[in-house]
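Given below, in the form of structure tokens, are the structures.
Consider the two complexes below, in which subunit A is the common component and subunit B and subunit C are the respective partners.
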Partner chain A sequence: MPAANKKKVSKIETEKPKEIAKRIRSMSEDIVKQIKKNTDPTFITKQRGRGNVEFDEKKGIIELGEKETTRSFLNIAHTKKFLQTMLVTAKAYDYLNQNKTASIREIYYELKHNIKGTKENTFDGQHESDSCLVDLEHAVDTIREKLNVHANPKGTLYGDITLMDRKHNNDKFNCLKLGRGGWSIMSRMEPNEIEIKQVNAKYVLVIETSAMYERLIEEDFAKKNKAILIGVGGQAARGARRLIHRLHTEKNLPVFAFTDGDPYGWYIYSVIKQGSMALAAHSTFLACPDAQYIGMTMEDIKTYGLEAVTEKMKPGDIKRAKEMMQYEWFQNKPWQEELKNAIHQKLRIEQQALANKSLEFVAKEYLPKKIKNKEFLP
Partner chain B sequence: MPAANKKKVSKIETEKPKEIAKRIRSMSEDIVKQIKKNTDPTFITKQRGRGNVEFDEKKGIIELGEKETTRSFLNIAHTKKFLQTMLVTAKAYDYLNQNKTASIREIYYELKHNIKGTKENTFDGQHESDSCLVDLEHAVDTIREKLNVHANPKGTLYGDITLMDRKHNNDKFNCLKLGRGGWSIMSRMEPNEIEIKQVNAKYVLVIETSAMYERLIEEDFAKKNKAILIGVGGQAARGARRLIHRLHTEKNLPVFAFTDGDPYGWYIYSVIKQGSMALAAHSTFLACPDAQYIGMTMEDIKTYGLEAVTEKMKPGDIKRAKEMMQYEWFQNKPWQEELKNAIHQKLRIEQQALANKSLEFVAKEYLPKKIKNKEFLP
Partner chain C sequence: MAEQIITGDTLEKEFREHSVAEFFKRNRQMLGLYGKVRSLTTVVHEYVSNSLDACEEAHILPEIEVKLEELGPEYYMLTVKDNGPGLTRVTVGKALGQLLAGTKFHRLIQMRGQQGIGASGATMLAQMTTGKATKVISGTGKGKAFACEITIDPKKNQPKIDNLHDLDKQFRGLMVQAKFKDVLYRESSTGPMEYLRRTAIANPHSQITFVSPKGEKTIFKRTAAYIPKKPRPMKPHPNGVTVDEIVTMGHATAGRKVSSFLKTDFERVGDTSMAKLQKEVKFDLNKDPKQLTWDESEQIVKGFKKIDFISPSTDGLRPIGEARIKKSLESIVEPEYIYTLTRPPKVYAGGFPFQVEIGIAYGGKAGKGGNGDDGENATKQIMEGENEAKLEIMRFANRAPLLFDAGNCAITKAVHSIEWKRYGVKNLENVPLTVFVNLISVHIPYTGTGKQAITDENDVVEELRLALMQCARKTSQYINAKRRELESKMRRDMFYKYIPEIAHALHEVTKVEEKLMIDKLENLVLTKLDLEKPELEKEHDAQKKKEKQEEIKKFREEVFGEEREEVKEEGDD
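So, the complex of A and B:
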């Protein structure tokens, strides 16, 4: 593929651990200086929450705005949080220098202890350390994976793609040659650790359920259609989202999402495509604004005569679908019609309902036809 | 390893698909004969539910008793179920002959349709087809995996073990050479499909959380300790249980379970070891009665000074722990004391709490020491 064709890779993605450690050090030295000058120590991070989240229509992603906020030690409402953030900061700095990585649950447990001479704990729940970590990410302008911190792994990879783990004996393996199980996607999928050596595929198919992922492997779909299959097993974990993002930006592969036709499935798609409000600052590294939705759709029910295998939407589903109709990123005709249609009929349709036609129908007819005719929702 | 050392492998495990198909055919021909004779068609399956579940103390597994039950077509309470079971039976027979496999959700969707000329559906929910499948398993004395039907896949495998997928180009791969992700365990781990070619390990470590599985890989625990790591990600799926069972019976490897010290974690262990009440008929193929519990324990809290990182048990946890104290398979002194102790202190302790000592503590000290000193709960 010509280099000119490649999508822009963000600077933050290629930054070395040393450079980030340097920024942490400089921020911390500033704080020490302030203390020595007997002034109130402060640091600057970004405002979070809906007030500072915006949908960038041009880029097609949810982003954090420019609003900043100052955390100060002498503001009584901030004191504990300030202390906590310093603990998290020191720990992340250690991880970077020691070349260690930790999960967000581990960083919480590593730092939780009684403050000497008091009955006070440093942290009373993981939500506290998680929130400090987000402050730190913004303060030093990076993502947690670059701070050697990560969430839980989830998701599986199958297809003609060769990865190399630079931190594990430079292991090289092709994910079409691991039997029918595939590779278990790690929580951290950063380019300096996991290199995509080679891909022989036309597109990436992201699949909601593990059972559908297995079905497509059993039908030899990946090989016959030159597809990379990623089973996300519900809402996609960060590692899986990074991998999808990287396959799209580094290898220029189109991404198609295949989920249940219901609010949960639509939301999985929406997070893969535009990012999420909670992680608005990281959409540039995680989102895939060119992704397209292949199904399930309300039209599929008619087209393929699936009336007998739909499920009723529960009141909660309908409420959620109505909410989603209001989201900026669903403000286009095809999605407005899709959601209105589902709400009106009170119907949802699962991907496995296609088994009603035959087990191989999804692999032999449904997906190839949709891809050939470009029958996607935007 | 000398062959004499190998555990007994059940006959059902090695049975060929043809033989099972033959039994299905013979059962079905019986039913046709009965219909032709104008007698009420019936078939025999096993009684389920607590009334026919027993704990075999000698074998150390939960088993289904000998009580049988007859399903008859002309019993109005059985008619629909009889019809449903025939549909499932015919489908399983097709799968076996066509060499196809399906998930339990797919079999439900494949068979769901309106009964011509009525407003009646063949199935109104997956629980109905699931229940028929269990009837069929018992009627022809096999397990669903042998009927080419399976639940969802879940779980990951890491370590010096080479598998071969006989149904996928005879792919051979070593699970120590797949970077730090490991292999994604399939839903069906039957010997005629996935062969364990070679294992170079001293034991199998079953790990509750994916994050702890990742931690141990990061610490190079498998290589340094010659361990096979299986991350089950909560309650173990059938595929993972079959693999654990097979590593124990075929390769004679000891199995150690490493879970959170709370009712959910204890139950994960108990299902791996003794089997479950819901799948009592299948304990012979799934359970691992020699498995031992390595932690977390209430004693760990004292021994390692983890008081600051325990969590409070919720009322539901305490209720569950009290129930578990009554289970026959927890009627031994060490477990009674463990449960009593937890209930008394109202405490639970997570595996990741060990990070409070240091990230590498679990790999360098906690696990090796317990294994060396055989500090297990039975």
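So, the complex of A and C:
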């Protein structure tokens, strides 16, 4: 019975594909054994969702709890899920043996077909195969990347950082010299594939919107401030998070998040810092608990006289903000006050609102000043 | 042309000349001859019910052939042939050429065909719409058969027989052929085809063949070789009598005193009740009944109401019988499940015996527009609300189909008043269900002159409801069992369909033989479902017990007989 105990967790990053394939095989053989013994075939995975998510205050990350769940063939509510997981398992096993990688969308399309003698599809949407994949990750105690499956890539990197792509002729490249767009972050950012060769920077700046990312490049912000810029384009994808995590842990760079001052932006920050509930099991590899929040803040509105360029919070925003006030990881004075303040004023402020001062204001004044004075939210 | 001077004489002459035809025209509605479709159905009814009656009277198993041919727009020729006793040269005129000749009025007897105009009416209609005579071939089986043409002399309401000649062959039965205009053949629920289908269902001893104007031949086969016993005429019961009837009967009676008149001409009236009645009326019951005044008759009617009479005897009623209805529905409706019920006779309005027969046909080709899918599909469709069939209510009064005026009929209302949901029928508009209801009585309480709907007589409606509920309970047991079976199969299939895929995926990783895993997994599913069965059955038993208790309770509430009597087989006597 594979259970993710702490020792194994450390092992996960270095494990070879062969070992994972072996575990998949033994899981399948276990199921066959049960079938041969005329017992209901089952496999065990981690229980997911809020009921099994904990916030580890010491580590500062969201973690999946120890609660396990059994998926059984004869349980009518599980039957289809059981089948789907078997399909995903066989496919992942195949990828590992053939040393191929595929995106989660590709695996969905590869496995989607009509079940013989019915009008039913094996999968009725990618969310179904995605969810099976997570079950499998837990069942064989590994991470998606190790199953040779990856999510869709998203996010860009810019700055004086040299990477080496081991899967592509060992290309070495500096991300300051790839043009204005920077480098597209891969969905799999494992060290054995992408190696961080050299970094010449003082910190990592994670930027919510692509527009702001482009603005900072145009203002030559990275060079002038010795910063690594990561544009996440909304919620940070798995690869971007893995990169942020690695830059922080491998290269000891401080991480600052720069998002809109609204529930969506706050949550982007929260996921980068503590991890997400959906991927709670992988927070150890993805989260960056030392990350700090630069802005936008309610205080900025007053400090920079941005009252005229604020937006009204919608009822949904207010509800979301109130929920966030309850999160364990927002249980500190500065954040409680920030959220309370926003809810009270019913205001939100976007990154681009800074353009109200001038286009270069954000690069010349706002960010440098904040970083110099360490005006962060925790 | 000289202007005609109208005098009393000419007026009277004209009046007489036109009387019968005029009466006929003016009363077409009352006679069931309005509407082009309905008129055609009505004439078919007249001939067919006459044939059935004649055969039964002569102890012959009826074989009737009905043929309709289209001669032009709204112009048809109808031929009806039977194997009955036939008509003689003497009786043919009266039977087919005299309106209102064979009177069935004022008799308390269960009989079909109380509605309509009689076969002579059909002769009249043919003559009025086409100017053509009705052709007849008849034979009694002895001697030569004969042919003739009949019209009605409207002046005298007398038959006019032309072209009467002997035929050079022996033949038993009657063949009538008439042409009608301004009528229309439709294959609808009110058309001749449906009329014959229903007639065949309620008369399982008959064999009816129908050839439609398209030339399509349908045979409704005989499913019971017996001759129904003749219904017995019954004396009126004091609880249903009207003042007018007492006056009329008093004038015709053989009794010399009012008391003896009432005792002999009414049922359940004896010395005790006469003694009681004497106290209620202000005149001497020894009076000559021929001298009874309206006022005195009124006193008698009022007096009767204060006396408790024994209910009228019900042995004059002739139900079809559960087994026969079942066979008949099986043959003609072809459903998947049938439950039939002949209830014990009851009495309405205190004085009229009646009896209710119900047949419920479910699944298969039952219902209106049913697609005739097999049972499993039907159940599935019902569960998923996809069945195309609709509820079909077949109403009968003394075995005669009631095709029209369904909305006003107590039978329709009773069927709709049942909470079918309780009996496993979720949507009445979406169920392969045929409900057969035959109401028999010596005096059917029709709503009006059309005689196509039954009035909401409380006792009748209540009895209909009880009978329907009893049948619905039985049917629901079947539907539920069916549903359980299907659910179990659906559960099994639910697992089964995934098994090959699972086995294949496991094979990809472990290389274990797929077939072995498929067999093992299928067995596993069967074992699991078997273990669940007792649970389902327990539930079912508990439900059954509850239903049984309800049923017993219902019966106790009823006034009459606790147990359902088996209907005695009527022999060929």
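Basically, the second predicted complex is superposed on the first by the 365 of 378 C-alpha atoms of A that agree within 3 Å, B and C clash if a C-alpha of one lies under 4 Å from a C-alpha of the other, contacts with A are read in each partner's own complex, and residues count from 1 in each chain.
What we mean here is this: contacts are C-beta pairs under 8 Å (C-beta built on N, C-alpha and C of every residue); 3 or more make two chains touch, one makes a residue touch a chain.
If you're wondering where the values come from, they're calculated on a predicted model, not measured in any experiment.
In the superposition on chain A, A:Gly261 makes contact with neither subunit B nor subunit C.
Applying the stated contact rule after C-alpha superposition, one finds that A:Pro289 touches neither subunit B nor subunit C. Once the two complexes are laid over each other on the shared chain, residue contacts for A:Gly60 go to neither subunit B nor subunit C. Subunit A has more of its residues touched by B than by the other of subunit B and subunit C. After overlaying the two complexes on the shared chain, residue contacts for A:Gly275 are found with neither subunit B nor subunit C. Judged by the touch definition given at the top, the superposed model places A:Gly159 against neither subunit B nor subunit C. On subunit A, the positions that touch subunit C within their shared complex are 24-25, 28-29, 31-32, 35-36, 38-41, 73-74, 76, 79-80, 82-83, 86-87, 89-90, 93-94, 115-118, 120, 122.
Listing the residues of subunit C that touch subunit A in their complex gives 491, 494-495, 497-498, 500-502, 505-506, 508-510, 512, 516-517, 520-521, 523-525, 527-528. Taken in their complex, subunit B has these residues touching subunit A: 100-103, 105-107, 109-110, 112-114, 121, 152-154, 156, 163-165, 167-169, 171, 173, 177-187, 194, 209-211, 214-215, 218, 233, 308-309, 350, 352-356, 358-359.
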